[in-house]
Amino acid sequence: MTSRLSGFTLRRRVQFAEVDSAGIVHFSRYFRYMEEAEHAMWREAGLSIAATGCEVGFPRVAAAFDYQQPLRFEEEFDIHIRIVKMSARSISYRCVLRRGEDTIASGTMTIVCVDRSVTPLRATPFPSEIADRFEVAADID
Amino acid sequence: MTSRLSGFTLRRRVQFAEVDSAGIVHFSRYFRYMEEAEHAMWREAGLSIAATGCEVGFPRVAAAFDYQQPLRFEEEFDIHIRIVKMSARSISYRCVLRRGEDTIASGTMTIVCVDRSVTPLRATPFPSEIADRFEVAADID
Amino acid sequence: MTSRLSGFTLRRRVQFAEVDSAGIVHFSRYFRYMEEAEHAMWREAGLSIAATGCEVGFPRVAAAFDYQQPLRFEEEFDIHIRIVKMSARSISYRCVLRRGEDTIASGTMTIVCVDRSVTPLRATPFPSEIADRFEVAADID
Amino acid sequence: MTSRLSGFTLRRRVQFAEVDSAGIVHFSRYFRYMEEAEHAMWREAGLSIAATGCEVGFPRVAAAFDYQQPLRFEEEFDIHIRIVKMSARSISYRCVLRRGEDTIASGTMTIVCVDRSVTPLRATPFPSEIADRFEVAADID
C-alpha cells in the first residue's frame, strides 16, 4: 500500500436503540457515527485506532456537530469523513452525514497522538507507519 | 416561582459503562452529561424538556465540546450549565465540567423550539410558560 | 413473498464505543446486538418493528444472555437469531453469537404484541400481516 | 469496617437518552441500572469493581431480566440488589426495580473473578479483601 488516504465513506442504517423518544436519532449518537467512519478509514489504511500493545493512543480534543435534518429509524445514510488538517501530533477531520442527496448534519473532530505510558497525557508525534498512511484531502470546502 | 433560572450545577459520578477501553470517559458521553444538566435545570424551573402531551419539542441544532483532561471510572465531577443566549425560538447553553478545581471539558449547545405536529420540523416561539422561566446568565465569560 | 421466516443471521463488527475498560464488549451491549438481528429479520420479512403510524408495539417481557467468551474491538462476528416459540400474542427468540467457529454467547428474548393506544399496556394478537410472515424454526436444539 | 454487605439500594432517575422511541426505557438499559447498583454496593463496601492496578477482574457470565411494567422519562425508581449466592470464584445477584410500590422488573446477574494477566480468561478465587466484605442475603425469596 503506497497511496495515502484522505477520506472515507461509510454506509450505515439507523438502529432502534439510537432513536430517542422524539422519534429521531439522539444528537449524541452522531459523534459515534463520526467515530465509526474514522475507524473504518483507519482499517482501510491497514491500521487500527486501538491496536493491541500499541504505545500511543488518540484521544479527542475537540468535537462538534451542526444538525440540519433529523434521521429516523431504519433510514440508511452515508457518513463522509475527510482529513482537513494534519500536523505531527494531531489530525482534524470534517464529517458530513447524508441521506441520499439530503445533508443531515456536519461535524468536526480533532484527535491528538499521546504516549499512553505517561501520566498526565502528553502529545507526541504520530509514528511514521501511521503518519505515512494519511494526507489532507484536496477538496476541502 | 417568580425568579428566572440562568444556570444549574449537577453533581455526577462516572459509571463503568461510560468508560472506554482507553480507561477514560468516551468523548460522546460528555454530550449526554451536558444534556442531563440541562434537563435537571428545566426540572428545577418546574418544567420538563419532554412533557407528556406537549405540542412543542426542543431538538438540538448545534453541540460542541473541547476536552482538556480525561475523566476516569468512579470520579465525581460537576456539570455547570448556563444560558448564554436566548431568543424567541432558541436557547444557547455553555457547559463546563469540573472535577474539584480542575476543568475537564467545556461545551456549547443550542436548542430550538419546534412544533411537533408539523413536518418538516419548523422553529416556533417558546410558549410563555417556558420563556418566562429562564434568562441569560449575568456572568458570561 | 409467500415463505415464512424463522431465523436470520447478521454479520457485525465490534465498534470502539461498545468496548469497556476491561477491553471487552460490555455485557449490556449483547442485548442490542440481539435486537439488531431481530429487526434485520423483520426487515427481511418486509416488516418494520416500529412502523410509522402502526397501532401495535412490541415491548420485551424477558431477555437473557449467557457469556462464554469475550468479544474485542474490531472483531467480526455473526448474530444468529431464530424463532423458538410463537403464540397469538408473543414471540420467543433464541440467539447465538459466533466469531468463526467459536460460540461467544447465547441469549433469549420474548416480545409481546401490545395495543399502543391503551394504558396500561395490554397484550393483543399480532396483526395477520405480521403473524403470517413468521414461523417457529425447525432446528431448535 | 467489620460487617459484611449482602445488598444495596440505589435511587435513580430516568434520563432522556435512556428512553426509546416507544417512550419507555430501552430494555438493554436495565442491565446498566443493575450494574450501577452493584458498583455502588462495592463502593459502600470500600471496594471498586475496577480498581487501578488490580490483577483480577469481574466479567459477567450470565444476566437476565423480566420486565413487568415500563419506566418513563424523569421517573424516579429504586434499584435493589442482593447477593443470592457466593462461591470462591463467583457471586450471583438478584435485582428488583421498583417505582414506589410498583415492581418494574426483576433481574439476575452472575460474575466470576478472573486473573486479568492470563489469556484466555480463567476463574480464580476472589482475593480475601473482597470475599470478606460480602455475604449472601438472609431474605432470599
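By letter and in written order, the chains are A, B, C and D; residue numbering begins at 1 in each of them.
FYI, a contact is a pair of C-beta atoms (placed from the backbone, for glycine too) under 8 Å apart; a residue touches a chain by one contact, two chains touch by 3 or more.
Given the structure is predicted, the values throughout are model-derived calculations rather than measurements.
Counted by C-beta pairs in contact, the busier of B-D and B-C is B-D. Seen from the C-alpha centroid of chain C, the farthest chain centroid is that of B. Mean C-alpha positions place chain C and chain D at a centre distance of 24 Å. Rounded to whole angstrom, the centroid-to-centroid distance between chain B and chain C, based on C-alpha atoms, equals 34 Å.
Averaged C-alpha coordinates give centres for chain B and chain D that are 29 Å from one another.
Across the assembly, chain C contributes residues 16-17, 21, 28, 32, 35, 50, 73 that each touch 2 or more other chains. Touching chain A in their complex are the following residues of chain B: 21-22, 24, 27-29, 31-32, 35, 50, 57, 59-67, 69-70, 116, 120-121. Taken in their complex, chain A has these residues touching chain D: 16-17, 19-21, 23, 26, 28, 73.
Residues 15-17, 32, 35-36, 39, 43, 48-50, 73-74 of chain C are the ones touching chain A in the complex.
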